[in-house]
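Common to both upcoming complexes is subunit A, partnered first by subunit B, then by subunit C.
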Partner chain A sequence: MTLLRLYRWAVVGAAIALLEVLCLKRVIDPITMQAPHLIVRDLYRLLASGRMNGAIVKTLANTVLSLVLAVGVGLIVAALLHRRRTLRDTLDPLFATYYAVPVFAFYPFFIVVFGLGDLPQILIAFMLSVVAVIVNTLNGLDRIPPVLLKTARIMGLGAAETALRVTLPAAGPHIVTGVKLAVAYAFIGIIGSEFILSRGGIGYEISFAYNNFENAVMYPLIVLILIASVVLNSLVNGWERTMLERRGRR
Partner chain B sequence: MSAVEAGAGPVPVSLRRVGKTFAGTSGRPVLQALGPIDLELRRGEFFAVVGPSGCGKSTLLEVIAGLTAASEGSVEFEGAPIRGNVPDGVGVVFQEDASLPWLTVRENVAFGLRRSGLSRAARETRVGDALRIAGLTDFAAAYPAQLSGGMRQRVCIARTLVTQPRLILLDEPFGALDQQTRLLMGEEVLRVWRETGATVLLITHALDEAAMLADRIGVMSARPGRLKEIVETGWPRQRDSGIIERPEFGAITARLWHHLRQESVKALGRAAPGTAEEETAVMGAR
Partner chain C sequence: MRASPLRSALNGAMLVVALIVIWQLVYWSVGDSGLSSPLETARYTVALVTREGFGEHLYDTMRAFFIAFVISVTFGLSLGFWLGFDRLSGDVFEPMFATLYAIPKLTLYPILLLALGLGAPAKVGFGVLHGLIPIVLFTVGAVRNTRPILLKTGRVLKLSRWQTVRWILCPSAIPEIFTGLRVGFSLTLIGTLLAEMFASQRGLGYLLMTAIGLHNLPQIMSVTVLIVAFAASVSTLLLWMDRRLHERG
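Take a look at the complex of A and B:
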């Protein structure tokens, strides 16, 4: 296990080292990309200067807000759909094809309706991530052994307590899978829409730097997004791992 | 508790003309699953119900547990009617593993006391006692996934015991276990039954299990399940799996099979609307 992890880091390290060599040997010229060690240096400078603080806070806050909304709404919608068979059967095929729809196509429309603020971006990120939560939660609810619900009834648990103490934890591993996807989708939604059209945020700053050939800003910001996404993801992964270990699955 | 108490106090369970029908869905006819059944359990006795598969044994248990309302007739627990509500003082152990995999063994057992209103100290004492009776003291901190199937079933038994039920319903609790484990688990259930003085109703398809454990055995007919016969075993209260060596044991199993054979043939013969298991078995034979 730890050996595998070592290999994994070695692969990532080798890729970075290769990039470093290619950049230093001028195979990749500096106008296209800076060497990785320079990117790290620029990232440090950028963060120390504080000029990106506003953008970072905006992007992270909007991502987390979209994520919280998507998870909250997704859980509630899934719980309701699970009890309404007809409604569920009606919507199931729509969920299945949902991700074939490029949600970003609605972005200009949202800007027209809601203006060029945070709301259209949050809406896009929410729409991208909520269905992943719904679909996975439904999947988890379907797989709860009926005997656990019978047990809850035998113990005289009410509807709310059954949901909180039995249903939710029983569906836990599936819900986490949904949350993991939602984390990725929320990031894509926020940063993508900042890219396309906005007045701030990391996505906007990257696009701005790109248009002005500011490699010393663009690459560090890309690395920053990578780091933020990996950190958020590994938090959820850690939660998932404890859950699965307890249940004897890996 | 001892056999002296048997027969004292209100009848723990009383069923009068109890039947259960399931409404036909999408053009299917109404299904008569159970009954009518008349049955009175004696206080502190160990009663087993055997019957062919699909005869409504588990439905009978669910009706008594208050998980399903009877379609006709009356069900009473200690004199109070049950109609689809789970009464206090009843514990159920199911065939399927009902341990909560996200809780430790101790937390699982304590889960049974969530709504007890007991003080923390009282709860801990009870949990400790239940763990000891079920032989799980050393595994209190383990998660169910770390235990064998038989031990997980003991977790469920302990979680039921912790509520100090006066009636324990066992729905084929050893169905998923191997034969040796079943015998040993049977002994443990007998010990728990003696120690707690509870009335036990065991649903099983295994004739030898019923013959070894019970004071009385009700034999059910093929669907719609009725009580065809009640066989008294006459075992002493103090008993273990050793009784399977006694000649009476063979006689009792033979008698059960005598009553059950015809019903089992019937149950197999008209497998059409039966359980999924039966249907695949019949399909395979064709």
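Take a look at the complex of A and C:
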């Protein structure tokens, strides 16, 4: 396991070293890409100058807002849908093909209808992530052993108490999987729509830098986003794993 | 558990009708300034599709998409088989592909643009970036989950490596690989369109983005509906084939 991790780092390190050499030897010219060590230096300078703080805060705030919305609405919708067989059957084709449809195609429509503010971006991120929460929660609710619900009934638990003490913990790991996907999708939704067309945020700064040929800003920001999303995803993955392990031991 | 084909076709039809009804209701409550009605959009779509020049945009998108998909499938299957066969490289590289799956790949597009220039190659490259990963991941899974007894039988029969792939791995892994191709198909389309929306001079994504500047709402709605209808119907068809394959196996 640790040896594997070592190999993985070695591969990443070798790739970066190769880029470094190619850049220094001018095989890749500086207009296309700067050498990795320069990117790291520029990233440090950019972050230390505080120029990007506003954009970072804006992107994070919108991501968190759409994530909270998606998880809240997703859980409620799943709970409401769970027992309604016909409605679920009708919606099944929608859920099955949902992620095959380019949700970003709705972004221009939202811009024209709601204006070029935060709302269209949050809507896109919400639309991308909410269905993952719904589908996984439904999956989790379907797999609750009936005996647990029977026990709850025997104990005379009310609806709210059953939901809190039995249903939620039992469906927990599946819900976490949904939330994990929602985190990635919310981030992709916000950054992506900022990138396509917007007036602020990290995605906007990258596309602004691209349009002005400011490689010294663009590459550091791209690296920043890559690092942020990898860290974010591995945190949520770790959470999911501990959740599953705890379930396994019980 | 699963509904019969007829039932699910009926459900799909009901869903489409329900969405159009909701659209019409929203139109009535918001009015002309907000969005255009389903009927109006349909009329505009017909006009748009028959208009001079639309065919070129459609052709451009479809060509980029098609090339990207062919490249994704070729490289995805070869990489997938390699990583599935070779335990060590699989263990080293598979999590990397999984990580790549979850990052906002749009931010990488400027790099492709700088490397390949503004035009079809960058668009194709971005489509491949999206479509390749699911094909690799599903193929690795499919190859690894081949039942050991089948591989043992192959060894007893003294099949060569190539024969093992041809006569044992392919047949047993095909349903799972098809799932990967289905997801890869959708993601390649998404990647190609996203690339066009960010920077391009032709294609459906370009049509969408220029319409924002002109505040041409009917055009935006028509192109969006066209894209969604195409993606949803192809994906429904692929999903149906996918389920058939899995049931047979």
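The rule we apply is simple: the second predicted complex is superposed on the first by the 248 of 250 C-alpha atoms of A that agree within 3 Å, B and C clash if a C-alpha of one lies under 4 Å from a C-alpha of the other, contacts with A are read in each partner's own complex, and residues count from 1 in each chain.
Definition applied: a residue touches a chain if its C-beta (ideal position, glycine included) is under 8 Å from a C-beta of that chain, and two chains touch if they have at least 3 such contacts.
Just so we're clear, the structure is a prediction, and the values are computed from it rather than from any experiment.
By the touch criterion defined above, A:L87 lies against neither subunit B nor subunit C after alignment on the C-alpha atoms of chain A.
Residue contacts after overlaying the shared chain place A:V101 against subunit C, while subunit B stays out of touching range. Contacts of A:A17 after superposition on the shared chain: neither subunit B nor subunit C is touched.
In the superposition on chain A, A:V68 contacts neither subunit B nor subunit C. Look at A:R165: by the touch rule set out above, it reaches subunit B but stays clear of subunit C. Residue by residue along subunit A, subunit B and subunit C are tallied for touches, and C comes out ahead.
The touching residues of subunit B, counted against subunit A in their complex, run 65, 67, 86, 88, 90-92, 94, 96-98, 100-102, 111-112, 114-115, 143, 145-146, 163. Taken in their complex, subunit A has these residues touching subunit C: 4, 7-8, 11, 31-33, 89-94, 96-97, 99-102, 104-109, 111-113, 184, 187-188, 191-192, 195-197, 203, 206-207, 210, 215, 218, 221-222, 225-226, 229-230, 233-234.
Note for the complex: subunit C touches subunit A at residues 3, 7-8, 11-12, 14-15, 18, 34-35, 88, 91-93, 95-96, 99, 102-111, 113-115, 183, 185-186, 189-190, 193-194, 197-198, 208-209, 211-212, 215, 217, 220-221, 223-224, 227-228, 231-232, 234-236, 239.
Those residues of subunit A whose C-beta lies close enough to touch subunit B in the complex are 145, 147-148, 150-151, 153-157, 161, 165-166, 169-170, 172, 243, 246-249.
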